[in-house]
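Look for subunit A in each of the two complexes below; its partner is subunit B in the first and subunit C in the second.
On to the complex of A and B.
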């Protein structure tokens, strides 16, 4: 029982969080145009039964906008995490090709890790001219190095394993060894790695958007909602600042917990 | 001797990485769709004829191939010339110098607070795994590890500055006074919230790391032996635990300077604190390429030196490491 328990827990937790994420992700469609709808009779209204989380300066419902923002965050975050994981995997496999490739990959990783994440994100988002695509690429490009390091270390231990030496001795090609020996060994690591990247990607996307170099200002992203809230903070409008951030925190926290559960279970 | 040799190798490696950082950031700037002449001219863009644009391009060397431009820039960089920031109308090195002087106070105090408090909490939590104190500290650490720094900054601003009125709403000093007229007490008063935010968020990693090491120690033979001799749990934490966990904690906190700097960019933005982080955002939003490049290089150097220190500290402080190295 004790062996199966953590795995079953992780599975249940994964299922519950997956349902939550899909519900949030799909909210963009079942909400329709409510996030953009303005109610001029209820501008900057405090939370009430009509507007659960209150409204903003244009009378737009904060509950709908927060959901739409989270949906956007999850979409951008999952794409960025996926791309980042693929880059990490590709780089780790590339490092296996020989000492020269290994040194090159190590240099790229060191270079990317030596610039603070946020500065690099700013540079890349600036270079690509901002927008959703730029944010996804920027987050993916800045987040792969740590995972690549981990995968590389894992693969290095494998390199001298007897079954790989045997496989080579039998005349299997480099390609065969990569696909049939290396890849299956690091796949679980990749799944956990992608899960661990996901919350970081979401947080960094929100930060970039908050600073004004991220997502397109016409979309209700969490970073934009919070940047907007900054303007009304000094007049005591607390709901605009509190709820979008709380939503973001809940999503990030549940992903983080799920990732650490899975890491232990695998 | 061995120590000096490894240090020299690391220093060379650092130089190589810095050249790569310069190349990557320069390449990114070349990639940008924003025209540098438009960015320089700003609203006067419409008043300039195509011939004048050509003149500007020629004067600044924009019509040369990127590799030649990179060579020029690198040559000037080595002479210490980072170019002129058009947002602040000052040489980039001066902007960075002035801004960094303000940021280093913020970064330094936040770093010190994070390291000390994070370590102490980690030791307390790890000394008795599963206790009430441990679960409170761990929950706090997990929670803040997922908290966006800028959101926490907003909440603190709302609570302490807007509702309670204990702390100022923004900036590094009262508006309308010159920075040299601001007294030390006022300066510190303006620093409280930014430092608090950075520390509250930054503590998590160090606490969790130290806690793990303490738990490992408490389950080790060393601890069992000490328990058998009649030592109390806190005795062991004090005598063995702190030595066991302090170096890794210090290394970790030196290695996470990059994250601290990233946090300071966001926090400075929320509190309108005129430090290096705020200048970074301004440079990004108003396409001030020389300033962006300068900041990228400067912060990369800052973080790399932190990493270098972290690597070297182990060998310097821990006597066991020196004997082990062949």
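On to the complex of A and C.
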């Protein structure tokens, strides 16, 4: 198989998932206020033609709430993944400034990796008072070290490459070397790293919201839908947990497959 | 022009590769350096070009220490050109990293216009070496350290490379330190030659004809 084939596959897959994500993200506009509308005559209704995925205890349509929840999760997850990737890239480049900077970056990475990140995530989100911003910051701050360690290792191999020394000897600045020699070398890893961070960030956003320190309870977040579903599981209301859970699983698995494809293609 | 005084350099296991080495290279001079493999010729070349910092001793060009940043007045040309170029850059970008060589100079070095759009992997070692030599001839460069640069070239290409280099070197009055195992090449190019052995330089004057 030619080298172009996996790239073409990855591109098609990326395009298909991008369309799905845009459709989900735009759902908050075309759904309007449907996710919040209550139908007291149809409380805890099972899936039917009127309500495809059923309704919750306040008679709110689960299809609309699941779409709105996924849209929210994707927004939060993509922002957190993007910020996390930028922090990782910045720290990896900082490590290239010299042995002292490298030691400092390695210390910060090792320290953060030595703390279970769910605990750190909870502490940061709690300290920032919860809400969308707190979740984005907490997920970004706790998820960059693994990617930074990978990028730093890639760049360390380059630091002693003769062509880097040549470039400096030819009068190029440290900044030039960073932007034109180091950065292009790790950009593919950054793209794959961001894609891998994305589903992880979505899962942790849902976990934080489920635990009560995440998104605002008035928002139809997937974590809140799952937390609500917990109360009705024993009474046979299976649809409340199943559909938002399946939606989350579908988005996370699609992104992971895409990241895996891109890792091979790049 | 290029003066190195009492250079000392040892590896991590304290084995001294250069011990109290001094040398001088005048403008327009071709100086030969030979020595067995592992004698420290490349280490000396890298020290002179500022790629390594000497553990003792000083290096000056025109009475001034090597600059900490900016274009280095001494350029090192290593044996393996494929390691001294960014593999993700096209040849044109590599060639013009420090300056834009005029078309006639590109022609003199046998660099064909068709190479410019290629990546380094698509050129042979000899072709890439010519690109690296021309790249290093940026205005402001005073000396070249040519470390076995023609060892992978066929005799005709070697001749063309050294002839093209000689023209530029003579015109700009650059100093050239030629590191090689090839006694005949050194004899042809360099009126003065040095041998590096057990960390020390021993001078020996040869009277070879200067015709590349």
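What we mean here is this: the second predicted complex is superposed on the first by the 265 of 266 C-alpha atoms of A that agree within 3 Å, B and C clash if a C-alpha of one lies under 4 Å from a C-alpha of the other, contacts with A are read in each partner's own complex, and residues count from 1 in each chain.
FYI, contacts are C-beta pairs under 8 Å (C-beta built on N, C-alpha and C of every residue); 3 or more make two chains touch, one makes a residue touch a chain.
Here the structure is a predicted model, which is why all the values come from computation and not from measurement.
Using the contact criterion defined above for the overlaid structures, shared-chain residue A:199 touches subunit B, although it does not reach subunit C. Residue contacts after overlaying the shared chain place A:173 against subunit C, while subunit B stays out of touching range. Set against each other, subunit B and subunit C touch different numbers of residues in subunit A, with B touching more. Of the two partner chains, subunit B is the only one that A:248 touches; subunit C does not reach it. In the superposition on chain A, A:58 contacts neither subunit B nor subunit C.
Of the two partner chains, neither subunit B nor subunit C is touched by A:153.
Look at A:126: by the touch rule set out above, it reaches subunit B but stays clear of subunit C. When the shared chain is aligned, no partner comes close enough to touch A:22: not subunit B, not subunit C. On subunit A, the surface touched by subunit B in one complex and the surface touched by subunit C in the other have no residue in common. For subunit C in complex with subunit A, the touching residues are 49-51, 69-72, 75-76, 78, 80, 83-86, 88, 97-98, 135-136, 138, 140.
The part of subunit A that touches subunit B in the complex is made up of residues 107-108, 110-120, 122-129, 199, 203, 206-207, 210-213, 226, 229-230, 233-234, 236, 238, 241-242, 245, 248-249, 252-253, 256-257. Residue ranges on subunit B touching subunit A, taken from their complex, read 13, 16-18, 20-21, 24-25, 28-29, 31-34, 142-143, 145-151, 154-155, 157-158, 161-163, 169, 257-259, 261-262, 265-266, 269-270, 280-281, 284-285, 287, 292, 295-296, 299-300, 303-304, 307.
Within the complex, the subunit A residues that touch subunit C are 161-163, 165-173, 181, 184-185.
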